[in-house]
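Labels for the chains are A, B, C, D, E and F, by order of writing; each one numbers its residues from 1.
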């Protein structure tokens, strides 16, 4: 912090947030946590501070996370070699067990502790708890890769009602007691939709949607669902951006008000996105 | 605001408030509003912004006000001459009617509107509403100058429970339907005590309690009730400071956790006092 | 009271009220207070007793008041001369300030104290508190004369829920912090409509709607909205009665069940109207 | 009703009740119903009207009844001869079955219907329902004559909370499924005590406690528990009055605030007792 | 109980109920009690145990009863001869009084006590309490035989909400304070319908609906409303079975999910019906 | 299940549970899950069925688990060798990470899924969630082996209030974000104490406390705290039984009503213990 600031200047800065706070107090904001912000220690600390602050001032925040490199890490240590079918990675029983352990055990509890340390009141859930996320096999050749069939949001609502920050690891279950590996972005979209969230923040390692993907200055600040579709057809949205954008558009169709592809590499990007006049990425809205 | 600040710096500043917000969320803070902060238009705007922001993030704020120069103003216009008995000003029936009109009518509604405009949800009360403040005649020669006999805090609690900012004008009533002019600081102390407030902020036009009253750098940051008494005996607290300090000490005995004699001339002094590491004046605490 | 009555006769009289009480318990009754009943000291006492009794037995009562002669009174004292444009009185800034002081300060607190003294639990509000009544300028030449644009009834409902008698002074506000003078009958109609009141009582200094305006015995006990319109077209309703009746008809269209133009000169006219078989004036009903 | 009364006089009479209503609203009043008021059709109608009115205006009323002549009546019809042991009447199995049928079936439902017809919301209970009154055999020679061992007041409180008038027939039960005939006055005292009633009204066919039992003008308006004991020792209270007074004194020791031996032969005696300045009998109070 | 069972076998049996319990927990089950199960002492005890157990584990149970032979019994004792008009039995005033006494007094309280003794928390109601069942005269020649016009289910819901077992005797009332004798099955169907019950159990002395009425092995386990109508047209359902089946079909049209004509002669038939895989009779369902 | 049982016999068996169900409905039962019942697949299924059934009928059940052989299993696979100091096993950082993953990830989610499959509504927690269990280092030489310093039971109570089965893995946290391995029995005792549980069931692989440890027929059915202490002094309780018994005694001092050392090798031992007349082990009670 620039230490030349007077207290009055500090107060002035806080007051600038008033209209933004007013907008989100009592509403639900879901953060899909991932990318650099999950690896870089300092960014991680800042994400946790942001979550705790927002929760404290009365915004209902939910943290949805995948596992990043920790899964590969443990698989390597266990000498587990990835298998492929037609170029797609197979999740066999042993692998899904590792995924479950890493996500619901290691990563989830680690995030809960980070929030605890920052003064938050967090509780970890997985898609298995209270059958939060139900799934079925997507492609029998790929093993335990799940396609979401149902979201039972009650446990999350119950925790939000009691003032907790739910931290959700993105695995799913079915009626026979199987666990599935599921796509984190898709899960976040479903959860945010079921909560009729005011905003879903997709933390990524990019600036947002760019008109010229090599020029960050061409960032598009806001996109309607229709505009997003048009941009895809015209090829502006291409490659790895396609599923990301699709997920944002889906989230809106599930009931989320706005979805933001957010640059998680920026310090305190969540606060900036929610409490300043600038935002931090590309925001999707209904038409 | 220093416009050279980046969004990340802004977020960093907000995050610094986390421990202070944590301390006050869900608690009650009573502000005795007066002095320069009530006359200077810019300071007034800032007080209102501070109140709305605190209310929004879940702190229960109450604004207690007197009438400042507006009473004298209307009395002059009405050609009403102040009377005195042994050097003390007399509040006859006509005067107390003017006081009531100015405080509960003009000043109270003006403050409510200021809060409205800033986005707050404020409701004005006087000591007459719900028999909030009951009083009796203090000295029969002085007319309708009241000594507080009882505080019925329920209406204020009811409004706080429903999320409103109560704005209270300091007049009192009795069982026969009389109105009394009462001391604003004393009323604030009683109200804060009845609410078991976490903090009572007494806005003044001084820096706080000074060891050397001519040297602002000798400000005493914190005083226990016992220390305050000792300072008075030793003459450090003297003159007009005596009743002010007495009122603070009383407030603590009524159940308030901390009372602050605060310099209301500083912009956003309320936010600075509550949400930064510095405070803005002298804080009184239990021993 | 006729002192020859036995206790048994008294009890018999009370029992006669049973069906009327049954009808109104738990329902909302709005009283637009004005005219002689506001000036004559004895009538005023009786109105207050009636309000307290009704509140006590579980009827939700709201008192809406204007200012009567007190505004003119203070304007005279302040040497403020009324201005006119095309024969219409202008409310300049200074005047609306006086109106606010008198209504929200003097008159409102005086009524609250009357109710207090009778054992009621009353809280004063104005159209400014909680932005209860929002308005805009009606005719730019007339200054701060407001046309109601919105009623935010929540503060009134909140007070009724907690058992208070809301006492409302009929001024209004806008988003810029201006105060407006508004028509009391219109305000009462809007408030009663927003509360879906069972009954709105318009206290006046006339018997009600008369077929022959010089003969009180030609009073019309009940009128449907259509009948009222027909009577106006046929000229039976004329002169000063036209806006009064229009206001009653509007109130019904806003959601009030029945509206009564009531003779406030009769002692305890409110109790008579609500708890006896006779009523006290002309009642308007939906068709 | 004296038909010469004007509406204003009627209203004046109602207003006189204000302080009495204020005293009892939200409080519990238990009426032990019996004697002439239960036999005379007109008095019965009036008791029911009184109960409904009190319930309607927010007083929690409970009606406790015995069976009067109806039990003897049915026993006669069934050719059942009363048996005696040492001059005391025996309640054999067959008799207690008749008592149960008459009290809980005939009388209770008849009273519930009377209250229904008057517009009340009444539900009948007996000491058997929810094990409201538990008892044991008092004297083995007398059969099913019970001595109260426990009152489980929850069902009565539950009904009062939901706004019903509980109508209770005074029989009792035990853990083996037996029914007992119990003394109505004693049962009423226990029930009123368990409800911490504001007042218990014992309807009788006498004026109250008289200093000279042959001179109604010597009625004692109020008696402390100690005074009652003294009067008994001095012989002023004697004969059949002894158990009645004892019951009143016990009720106070169980937690009732005031108990009244009331003259049930007076029309609307309940309303007179509660809502006028006179009362209708002798009131017992704590010392 | 077969005393050779080990604890583990007992536990195994209990666990078998899991899916059935899951289905009914939190739902409402209405039992129309009658026939042999009401006369045979052992069966009666078992019905009461079943009710208490179901209530305890969180199923909302309601017991609806008629009077069986007890009415005739008392009429005989009182020398009351049944009258007939066109072969139909007449219920004169005296008779309906007897019915009320027996049902609401004797039988109702007896059942409440049985439930008490088994550890239940039961409260008896009749169609008169809270005007639960309103009726009008069906055929003026038959006297007080009622046709149900309205069911005010609130008192029953209130008792279920507070955890009681309501025990309801099937008489009805009207606005003039008359009592009516009504058909028990019809009353049960109306009550179950008003409660949107999950299941209505009609206890009878037959196996259920039989294809060949002389061969119990031809029992029909389940019938849709349409199938029931078809069976009636084809004559399979005939004689006394017709009104019984009609009543079941009506109950479904009133909002009950399933209705069962149940063999009440089987020990613990209620538990068997609800908690085992077999059921005990013929179940009716929507098409 | 003995397939020769008739439905009536089944119902009879269920009814036998009535008094036991009555005792535990609405109360809290904590099960410390471990030993054979956690390894043997059939026993595991039965434990889960028992938990779901108890939860369903309104008993608040909590499952507390350690990790059994799965921790060693994963450590082996990762080539992690146990270290020892003075014969005590050391939990270094890497080990506690493995413990956390296995307990909070693998085992916890596996149990939650088992309960899901049986129809339960389970949510997994660890000592880290909501800072449920706080600990400090016990012996610096042993690394992350924790000694419990505080239990924040609110998250568990919140889940029980909403009807969930909390499944708790026994790890702990501190203010710096460390995880600790803690003793499962001790954790269960603390959790049960904080919940003021009616009963804590310690599942073991022994019959209970035996007078002659080689003769199961010498099992002691019930022990007071004092008797337990005496038996320890006399040497009857010895060896591995000492810490187990100490833990039971501690649990009682923390507020648990009864603690049972239970033989988890018996099928459906939880149901047998709670719902039959026999119990399944040794029960400890206050003196």
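Just a few scattered comments:
Just so we're on the same page, contacts are C-beta pairs under 8 Å (C-beta built on N, C-alpha and C of every residue); 3 or more make two chains touch, one makes a residue touch a chain.
Being a predicted model, the structure only gives us computed values, none of them experimental.
Considering every other chain in turn, the ones in contact with both subunit A and subunit E prove to be F.
Chains that count as touching both subunit A and subunit B, per the definition above, do not exist in this structure.
Minimum number of contact steps separating subunit B from subunit D: 2. Because subunit D and subunit E carry the same sequence, their contact can be compared by residue number, and over half of the numbers here are used by both. When the contact pairs of A-B are set against those of D-E, C-D or A-F, over half line up by residue number only for C-D. The distance from the centre of subunit B to the centre of subunit F, each centre being the mean of the chain's C-alpha atoms, comes to 56 Å. Mean C-alpha position of subunit E lies 45 Å from that of subunit F. The geometric centre of subunit B is 35 Å away from that of subunit C, both derived from CA atoms. In subunit E, there is no position where the chain touches two or more neighbouring chains simultaneously. Subunit B makes touch with subunit C in their complex at residues 74, 77-78, 97, 100-106, 108-109, 112-114, 116-117, 121-126, 128-131, 155, 158-159, 162, 164, 171, 173, 175-177, 179. If you check the complex, the residues on subunit D that touch subunit C are 1-2, 5, 7-19, 21-22, 25, 46, 49-50, 52-53, 56-58, 118-119, 266-268, 271-272, 275-276, 278, 280.
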